[in-house]
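Please find the structures below.
In what follows, chain A forms one complex with chain B and a second complex with chain C.
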Partner chain A sequence: MLTPRSRPGFTLAELLIALAAAAVLLAVIASIALRQQRLFAELADDAATTGRLREAIAMLPIDLRAVSPASGDIREARDTSLEIRATIASAIVCDTGGHTLTLGPALSGTDTFAAFLATVAAGDTAWVLDTRDAAEGWIPRRVTSVSSTTAARCANGGPVLSGPFTAIVVALDTLLPGRAGTVVRVTRPVRYSLYRSSDGSWQLGARDWNTTSLRLNTIQPVAGPFLPPSAGGLVFSYFDSNGAAVTNPVDPRAGLALVRVSARAQANRAARVLGAASTERRADSLDVAVFLHNRR
Partner chain B sequence: MSPARPRRGIALVMALTLLALLGLAIAGGMAHTVASQRAATLSQNAATLDAAADRALATVLADANAYGLSALRLGQTRAFNLDVADMPQLSTTVSVTRLTGGVLWMVAAASPRADVGAGRRVNLVARFPTIGALPPAAIVTRGNLRLGDGVRFGVDTAQDADCAAGPVPAAIVAPGATVRAPNGVRVDTAGVARDSATYYLTQADVASLAMAAGVVHATGDTTIAGGTFEGILIVDGSLTLHGTVALSGLVVARGAIDATDAVVSARGALLSFNASNVSTILTDLSVEYAPCVVARVMRVALSPRVVRLRSWSEFF
Partner chain C sequence: MNDQPARAGARFRRGFSIVELVVAMMLVAIGLLSLVGANTVLVRRRNEARQRLTAVMATANRVAQLSSGPCVAVSGAADGSSGMAETWSVRSEPNATREIVDSVHFGARPAHGFVVRTRLPC
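The block that comes next holds the complex of A and B.
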């Protein structure tokens, strides 16, 4: 006859030891998980800081590269602010009519005859290339109105095009010696500076040109927050073609060849994991040197 | 035989949990590194694309004749695919359109071969220098002009609008010069024929044309005994032609041109800055007034350069 086999059990001491060990283990795991979470948050914060810097550094050169200092495109140059005439459109004149210029079509390839960074509006300045003599120049004219039309081809002297296209028609304040085939650049003022927003943070702001009032609009945030100006949040420095620094205040017509933009931003929280339990917020900085293509 | 004792798997669970946490930490670090690397790569790519587009434009501009820019018709666009040195991973295209006033509208696009959409476009405006107006007639002389009965004049009609010939006289001479020409050949007298600038012989003009492509500068009296010439011929003395001579372009002589014993066919213009008492003699000549041909040889000779102040622009 078989006797029932005794089943193994735990003593009270075994259970207490197991519970204590499990508690210690859970505490360790919770601590690691918390640290992980902080690490992720700090990494994300770091990435955001770098992103803000890159945003500012990527945007400013676009407007700066085509600036022509000798034409007065740099209206005011300081270490914390920069007011320029940015090129917003380039085109070949397809046809003319009195005070109007019909611009060539903007296409996606290299066989394009216009490009628009922003919509041309009344109040903008059109610079028309004057090739009547050997010493060519750019004649500025104020845009008084803008419309569009459908054109089939350009007049003699303009590019040879096939098929109808939508063309921008720009009316100017004064009659020009322009003709089909003339090149035109359109500029619009813009001012970049570091400013303190309502929440107390320092932002890179842009004041766009109001084409109606012909004044700069209220400042709008572009990127940020950055460190305050005293901590080098955003610094513009200017250099001539010999690499010598041009000191503030900069003569806008000085032979500037290069503008350096330095931006510094700080993470939103103190780095407790990455910064080895530091109470300070991590800061990052980025510099970009912008070569002015149209300096002469 | 004793039965197997049941095993408890808590150690495995713990090990897996720790591994998972470790994995998360590594993944977080990797994600940060990859994001930073990607941002840095994007910045570097943007700079590389800018440099490639600029270099492509400079390459085409520096070798305008090799790319046929001087021969571009007005309004015509021509595209070139370029391999930019040290950047085999990029595809670069330059389109050039010739506009009025000798202006070249150039657009370069650079993009990674693997991703055609992610590119940069840059615009450059260049211009062929000019050294004065085009010749006002097929023959311009400061001194006397003698044309034989075998002289025939024509006008090039296949022309661009910026150099098209209107109704022009066959020849223009300076006031005071004597003219002997067959009936029906129109020869005008105008003060412009007295000006050295009309003959591209000012100091600046000669300096511009010195050593230029397609320009031959003979420093003394010169004789051409048959043959063909295309380009700009500047003779500091008198020019004598023998045999059968075909000329295309611009011929400028500081002295007289004597083609008494030659059969000459010319396309372009013949200019003679001869003294008032010396005759330019053309007896058996077939000349076609072609200002566009003159403009083309000028473009070949004078390389284009970027215009001042606003030549460069970025396209989006």
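The block that comes next holds the complex of A and C.
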């Protein structure tokens, strides 16, 4: 067929067939690659949505678990906001003197006598466990100043320690009934709520306590964005030990035993691959139930 | 076939035949199909992970709810979304304690499940 003179090459028909085949193949590859990219984007979006929800339902129980509704730790409770007294420190009293409490030291290891989540400051509330009667109530005192001292040992009844240690001394506004060995916890208000941020999205925000102005600071975002309140972006609900809804959770006698937090968020893009050609943005929700220990 | 051995390298190159081309395209297509197959696995794993999270949250919430409840023996069952089934029970134990057991099953083929057992003072 090939003579020495003829130049080898494609015929027009061959070229057309090859081009058409290549075009089909490229189109298939392109569509698969596009779909692939969309799927990955949707999966990432989906994971981010669940991640936002998990942030909210992981953050809130930390403060909520330490709350004692019977002691009035619930300052305000609504369906989209919750203001509580968060416990920032707890300690065994090492020594007392007039209006002051010397707290046991925070030691590494298991034999510690104090735990601090934040530095105790003037304006915080110290709650001294009153062991004088069987009811064991917490007596609140306002912290007026905080200093530290070096002590060699604690008073009788307090932690048994040898050697000098640094201890925190908390001055209180009025005399207290506590003595060495009693338990004290320090609280500071914090308020969580679903709020609309400046970009129009709904965020879970926290307002912590300003110990100087004795007011709540401006709101700071914690997690989000979530759906608006009308779509159940973040809902707090309150129940007693029988599972009945509590209408006034602030009341120490209301018997609040369980707080449920439900968060709802929406994906950023429509789930066209994951949701089988759906044009809707997927909404996802998670809820967490927090069982309150410190109740009567 | 190769009747010009001396000049074959220099002047002639045999192109691909259409059969070769089709075979090559089929190979590419099989590669792409396996990619699509991997996607199915990806989506299935993601759904499983979501189900697992739902089941874990359901169990944790159930235990919290039962812990907040009175110290009496109860049991119950509930069905959740996407084939999740949950059963729980509270049993009184000596020394004013109670045992809470919650078991969850979810997913079909393979079915997953776990049991949470905890003991609390009354």
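Here, the second predicted complex is superposed on the first by the 261 of 296 C-alpha atoms of A that agree within 3 Å, B and C clash if a C-alpha of one lies under 4 Å from a C-alpha of the other, contacts with A are read in each partner's own complex, and residues count from 1 in each chain.
In this section, contacts are C-beta pairs under 8 Å (C-beta built on N, C-alpha and C of every residue); 3 or more make two chains touch, one makes a residue touch a chain.
Everything numeric here is computed off the predicted structure, so don't read it as measured data.
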*Sharing chain A, do chain B and chain C clash or fit in the superposition?*
clash
*When the two structures are overlaid on chain A, which partner does A:Ile29 contact: first (chain B), second (chain C), both, or neither?*
both
*Could you look at A:Gly243 and tell me whether it touches chain B, chain C, both or neither (first, second, both, neither)?*
second
*asked:* According to the stated criteria, A:Leu258 is in contact with first (chain B), second (chain C), both, or neither; which is it?
replied: second
*Does the superposition put A:Leu39 against chain B (first), chain C (second), both, or neither?*
both
*Touch check for A:Thr50: first (chain B), second (chain C), both, or neither?*
both
_Is A:Gly181 touching anything from chain B or chain C once the two structures are fitted on A? First, second, both or neither._
first
_Under the stated touch criterion, which partner chain does A:Val290 make contact with: chain B (first), chain C (second), both, or neither?_
second
*What's your read, chain B or chain C touching more residues of chain A?*
B
*Look at A:Ile17 in the shared chain and tell me whether it touches chain B only, chain C only, both, or neither; answer first, second, both or neither.*
second
*asked:* A:Leu129 in the overlay: touching chain B, chain C, both, or neither? Say first, second, both or neither.
replied: first
*Between the stretches 7-15, 25-33 or 61-69, which region of chain C is in steric conflict with chain B after the superposition?*
25-33
*asked:* I'd like to check the shared interface: which positions of chain A are touched by both chain B and chain C across the two complexes?
replied: 8, 25, 29, 32, 36, 39, 43, 46-47, 50
*For the complex, which residues does chain C have touching chain A?*
3-4, 7, 11-15, 18, 21-22, 25, 28-29, 32, 35-36, 39, 42-43, 46, 50, 53, 57, 60-65, 67-70
*In the complex formed with chain B, which residues of chain A make contact?*
8, 25, 29, 32-33, 36, 39-40, 43, 46-47, 50-51, 54, 58, 62, 65-66, 68, 70-71, 87, 90, 92, 109-113, 115, 117, 127, 129, 131-132, 134-138, 154, 156-160, 179-183, 185, 293-294, 296
*Considering the complex alone, what residue numbers of chain B touch chain A?*
5, 14, 17-18, 21, 24-25, 28-29, 31-32, 35-36, 39, 43, 46, 74-77, 79, 93-95, 97, 99-103, 105, 107-109, 121, 123, 125, 127, 129-131, 161-162, 307-316
*Which part of chain A faces chain C closely enough to touch in the complex?*
2, 4, 8, 10, 14, 17-18, 21, 25, 28-29, 32, 36, 39, 43, 46-47, 50, 57, 239, 241-243, 257-258, 260, 274, 286-292
